[in-house]
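So that we are looking at the same thing, I have put the structure below in structure tokens.
When the chains are written out, they are named A, B, C and D in that same order, and each has its own residue count from 1.
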């Protein structure tokens, strides 16, 4: 069981959405942020770095947006309904762009294939959390 | 001249929006993140901390969202139009909530008055950047 | 296999330390940052929040230091030998303090018990990485 | 007066070090983090990006370490004496490396000159805070 899930299970107040959906999303957000941070480092180690500039930019944005969204959703502030939704929307958008770009290099660079996978999973998880929030 | 502005002025590609609006927004986002981080510490030092729990939660969320938005807008990734807008929308929402909550304690706690001021300025700056992006 | 490990395995340059030790440390750092971020939220939901102020402060510091250390160690910059060591030293110190404080509340609050566990594992992992770097 | 300074002036407990030194350091850390984040974006926009790979890596590390150190020093947790010192030591080391690397490109790229300047100021400020903590 992930730490996100364990911490939600011992949350003293009521969890506002389905705890298993929320925990899965937090895990996917953290995984995606980690994959993107590492993919930037991997891209910077490649010979053809000039062709990976867009990939690097998108990974940097994706890591930042996912990390912030993981923190905010972990915190479960009562008042944040109209904060969390656009935040998750921004996550879906950057995970889509970053996943598409990584996929273009997936055949040549295994790290981009892994990163694309993390982005796809995160995009899906964020959509599921938005659906569960209704 | 702030570092955000100096760095934009030496950006090798064309800046996609009015550089002075963008630089002012980045500065406001960084200031707001700093004020919120410090306000949490200040709140935790107060005797009546139980009454400041909502303020602390909102300040934590606000700091995270503003920091991520400052990073993403500083980076100016070409592809991020549908990322930046919901992100700025999330910023406006959390700055509004956090500013409102801080204002409720502004008379009793000077640090909340200062933090409310930073939130208001940041909310305004984010709205102006959204308008400038059209 | 964690994303940290998958990304290290596809790193185009040579990994400077034992990859399994490094991946385990990055995972422990991310887990600890997540546990601490969530423990703050959990603490803020408790009736006796005034008694948890030190715990909250330490968890906030611990989350920030662990997240930065995870990013820096994931990046594997050649030049960072004298950056990574003090950073891991700071991690060990904050994980120790935060773990000790959380343990004091472990019987009363399950979330502090889980957080203490994450801090202990992270402290151990950081010590192992420092040892592996020699 | 910066927000860091205003927030310290309304801190309800006693500030452990000289408030003007602490506020100046927090401001320098935030400025340096911002300059480094922006310099990465600027580097990625240059034709000769392959020659700037080390600069990008160091700027990414420097931004992460400075941001975490700004947050921890802003928080002034009582127990963090043996956390803050190695953290500031890590800051001094990365600001030195990053400043040196940026300076090598300062004549060719104005953004690297500005970033080197932010790194030098931050390195100096961190040393001053360490001295003031004794």
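Note that in this section a residue touches a chain if its C-beta (ideal position, glycine included) is under 8 Å from a C-beta of that chain, and two chains touch if they have at least 3 such contacts.
Because the structure is a prediction, the values reported are computed rather than measured.
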{"item": "Shared chain contacts [chain C and chain D, defined touch]", "value": "A, B"}
{"item": "Graph distance between chain A and chain C, where chains that touch are linked", "value": "1"}
{"item": "Angle (degrees, nearest 5) of the CA superposition of chain A onto chain D", "value": "180"}
{"item": "Label of the chain whose CA centroid is most distant from the centroid of chain C", "value": "B"}
{"item": "Chain centre separation (chain B, chain C; CA means) in Å", "value": "27"}
{"item": "Inter-chain centre distance, chain A versus chain B - centres from mean C-alpha coordinates, in Å", "value": "21"}
{"item": "Per-residue multi-chain contacts in chain B, two or more chains", "value": "40-41, 57, 60, 67, 71, 75"}
{"item": "Parts of chain D lying in touch with chain B, wherever the complex brings them together", "value": "2-4, 6-13, 26, 30-31, 34-35, 37-42, 45-46, 67, 70-71, 74-76, 109-111, 114-115, 118"}
{"item": "Sites on chain C touched by chain B in the complex", "value": "40-41, 44, 49-50, 53, 56-57, 60"}
{"item": "Interfacial residue positions of chain B with respect to chain A in the complex", "value": "54, 57-58, 60-61, 64-65, 67-68, 71-72, 75, 77-80, 82-84, 86-87, 89-90, 93-94, 97, 101"}
